[in-house]
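By letter and in written order, the chains are A, B and C; residue numbering begins at 1 in each of them.
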Amino acid sequence: MRSEKIFQILLFFFIFTTLTIVVGIVVSLVTTSSPIFIKYGLDFVFSSVWNPVKESYGILPALLGTLITSTIAISIATPLAISLAVFSSEIIPQRFRSLMNSISDLMASLPSVIYGLWGLYVLAPILHNYLMLPLHNYLGFIPLFSTKPTPTNLFTAGVLLAIMIVPFASSIIREAYTAVPYNLKEAAYSIGMTKWETVRTMLGYIKSAIFAGLFLALGRAMGETMAVAMVVGNILNIPKSLFDMGYTISSLIANQFPNAEAYEYMVPALYGGATILFLIGLVINLVGLYFIKKVMIKG
Amino acid sequence: MNKRKLKEKIMLGTISLLATISAIPIFMIIINIYSEGLRYVSLSFLIDFPPPPIGGKAGGIGPALAGSLILMSLALMIGGCIGFFTGLYLSEFSHTKLAQYTQLFLQIMVEFPTIIIGLFAYSILVVPLKRFNAFAGAFALSVVIIPYIALNVREAYKSIPYSLKEAALSLGISHPKAYLRVLLSAARRGVLTALLIGMAKAAGETAPLLFTILGTSFSYFEGLDKPINAIPLLIYNFALSPYERWHQVAWGASAILLSIILAIFVISRIVVKEVKI
Amino acid sequence: MKTGKILILATVVIIVVIGLLLFSGLLAPATTSVTETKTEIKTTSVYIGTINGAGASFLNPQMQAWASKFYELTKGRISVNYQSIGSGAGQSNFREGLIDFAGSDPPLKKDIYNEFQAKGGIIQFPVIVGTVVVVHNIPNVESEKLKLTGEVVARMYLGEIMYWDDPRIKELNPELNLPHEKIIAVHRSDGSGTTRVFTAYLSKVLEDWKEKVGSDFTVQWPVDQLGNGVGGKGNEGVAAAIKQNQYSIGYVETAYAYQVGLKIALIKNRDEQYVLPTDKSIRSALTALTKILPKAHEDWSSIFPDETVDPPGLDSYPLTSFSFIILKQEYKDPVKVAILKEFFEWVLTEGQKKENIVPGYDPLPPEVAEIGLEGLKLLR
């Protein structure tokens, strides 16, 4: 019995370590950022002035940048992720399915710095020449496209993020899709539904899983740092169009943290940004997990 | 042709088209990285120090490659250990409140922006020790991979049939033996996959290293309490530099990093296949 | 039972290893901060080891070239590890004690200097000459044709001069056909020594600028609020933004402007001459400067760059500046002291020879290099 006890203690030790780390991260976020919230209150969130010389910090431009890039990403990724999931589990022949899934899983596991390098030198020029410039030239009267685009901007970052999160979202949807009881599909066919109608029924059935996948992917897009820092432009302005260069909270931290110790309040300000990012991410992920739970109960 | 059939054709066509579009980038990335990067890769590229921006030798990524391998193995040792046992606990004591909360925490932690983990490692390991150090980087990477490993190990143990579990635990051997010998072999596919996922993550993460390891140019490894370099960090620094020579090194380094990831990926697929039978 | 023992053993090993790692780190600074191998110190005074530095990105290419050459010269005995993280970051990391030396475009701020003076002292000295140029992207105006004064540039960044055909610009350039186009003012988005020097210059030539904006690593650019400002990370970010935005103006390190082919503007110096950064104009500026430069252990913050920009002299280039190395006077590890001395003595003598200077940088005049050589004697 002795070894059992020790084993238990060992397990407790490791679980305790894990919990300590999680709690430690949250505590260090909150304590380090507290001065900025005490000094500026909500102004920190709603002010657009980021002026270290005058020690005034407002995170709004970066926060907007995070929201805009992840919104672009999720709106592009949604149809793509669902299509990819349906395609790889319904349309292509059985023997190619595992290959297709492998490719999608590989995409999900590529390092973000590789996406960043590729985004900076390959994707950004392509988008700039063949999509953003024409959009600006012909549809420039629409405020969304009103800025004359540079290759790196919020839109490029959004597209790159979309490419990065599609495989992740689609793998969650795919899993739910293939887990749908076979007799549901059979029933659909037996009442004379076409393949598309069957697919639509199935998608309706796994609605929760789709939401879960999209929310978790959205959370991922918001937290992504390196790839975004390389293509977003890194400008602290309130963006006026999709083609403005911008900042996201995580790229702001990556760029400015090394300099931060030189100023009295910049470290708390950046930790404050991290805290806000964490809170938004937490809510989105909890929503995602809620949907996952719903799927599991149903299944 | 009736309307329903037409609609079916259009919709399925659209889905196929969109799916193809979403798969194009991966091929482009692999082709671009290899076609740009491989031409700079040679044996000396893997060993040499990074070049000066202008003049001098062609140089390479020796310190970054050595550093990445060291950081990866360290992270796998620390993160793998903590992650594995945490996962085991989550699976075997899943009814306890502690396990349920930990699992929720881990699920949230998976989605943590990794830059936050970098800040954490900086504040507890770099500032107090008064130097950038390899251990802080390894620690940050461990924290990044713990939830991946724990959640996957949990899945692996969960997927063992109940009857087998019961049989193993009633054999009369001690529990640790039952979990780590008998049941581990039943779950080894999942556990291995978990570790490989962790390894791939540790190989590619940059954000946790930004504020922890500083980077080196002329030394491979001088101790855990000294700065070290890593391939992703080198790519980030060199890609954003103004010098053509450094861009080339960044492309070459990307080709190496991509190869490491591909290798881990292929191994994990083989592992899964082999044990599937 | 056997597994149990293995488990215990494994845990103990892990805990001990982690513990050791942590405590070796915690205790180390009290004894010697490193475990560098000393070989035959007594007989030949030859040291082996690594020194870690970080800071100014402007200095980085030249530092890598020096470090690379020095590594070869010493046959791998001494590695100098310099990472480009920005002047501000270099200074703050140095202050935290995270690195052995900092590279920085401006010297230490007054309060940080005092802080260090109180605990062992500091030395800071120039290692290389750098100049900043004003660049533009007006399609029909060629490089080295557009003439500007510091005041006009300041008013552009203030957002007061908004169009290229503003009379105040036209007055300086009667022969140019300047279009009625909005001026897009490009600046650095990250903390940068270049910005510090550039804004010091603007503060010196225009009182309004000094009051409204001031000079620092990063400032809040008034032109941004009007929507006519664009920021770029690093010299390369600024260069990219200038190339992409027609009718823009910006400032970058000279080496960089030539390398990527940006159009350079002439700047009016204190003696009413329009100048470019040439060997002659830089030397003239340096001659004027040498007289006012302090010693390595003194406070430079009040002099550089606020006093050194816009020096007198008929040929002097106004945006002439230095990059600095910052060292502590006292290190706990004698090996480190020896290595720092050896390396920087080489940098200030042999390192200033033409073959060791990366194209686009300028060597120090001997009397300025002497400041560093004198300062290094204080190292202990």
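The rule is simple: contacts are C-beta pairs under 8 Å (C-beta built on N, C-alpha and C of every residue); 3 or more make two chains touch, one makes a residue touch a chain.
Here the structure is a predicted model, which means the values were calculated and not measured.
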Farthest chain (mean CA position) relative to chain A: C
B-C or A-C, whichever has more C-beta pairs in contact: B-C
Taking each chain's centre as its mean C-alpha position, how far apart are chain A and chain B in Å? 18
Distance from the CA centroid of chain A to that of chain C, rounded to the nearest Å? 36
So which bits of chain C are touching at least two other chains? 1, 3-4, 7, 93, 96, 233
Can you pull out the residues of chain B that are in contact with at least two other chains? 81, 174, 176-177, 240
Please set out, as single numbers or ranges, the residues of chain A touching at least two other chains. 3, 6-7, 10, 13, 258
Going by the contact rule set out above, which residues of chain A touch chain B in the complex? 3-4, 6-7, 10-15, 17-19, 21-22, 24-25, 28-29, 32, 79-81, 83-84, 86-88, 91, 100, 102-107, 109-118, 120-123, 163, 166-167, 170, 194-197, 199, 216, 219-220, 222-226, 230, 250, 253-254, 257-258, 270-271, 274, 277-278, 281-282, 285-286, 289
Can you list the residues on chain B that touch chain A in the complex? 4-5, 7-8, 11-12, 14-23, 25-26, 28-29, 32-33, 36, 81-83, 85-86, 88-89, 93, 98-99, 102, 104-109, 111-117, 119-120, 123-124, 143, 146, 150, 174-177, 179, 197, 200-201, 203-207, 210-211, 232, 235-236, 239-240, 247, 250-251, 254, 257-258, 261-262, 265, 269
Where on chain A does chain C make contact in their complex? 2-3, 6-7, 10, 13, 49-54, 148, 150-152, 233-237, 240, 245, 247, 255-256, 258-262
Once bound in the complex, which stretches of chain C touch chain B? 1-4, 7, 14, 18, 21, 24-26, 28-29, 33-35, 50, 52, 54, 60-61, 64-65, 67-69, 71, 79-84, 93, 96-99, 233-236, 239, 256, 259-260, 358-359
Inside the complex, what are the residues of chain C that reach chain A? 1, 3-5, 7-8, 11, 85-86, 88-89, 91-93, 95-96, 109, 189-191, 213-214, 216-220, 224, 227, 229-233, 237, 240-241, 244-245
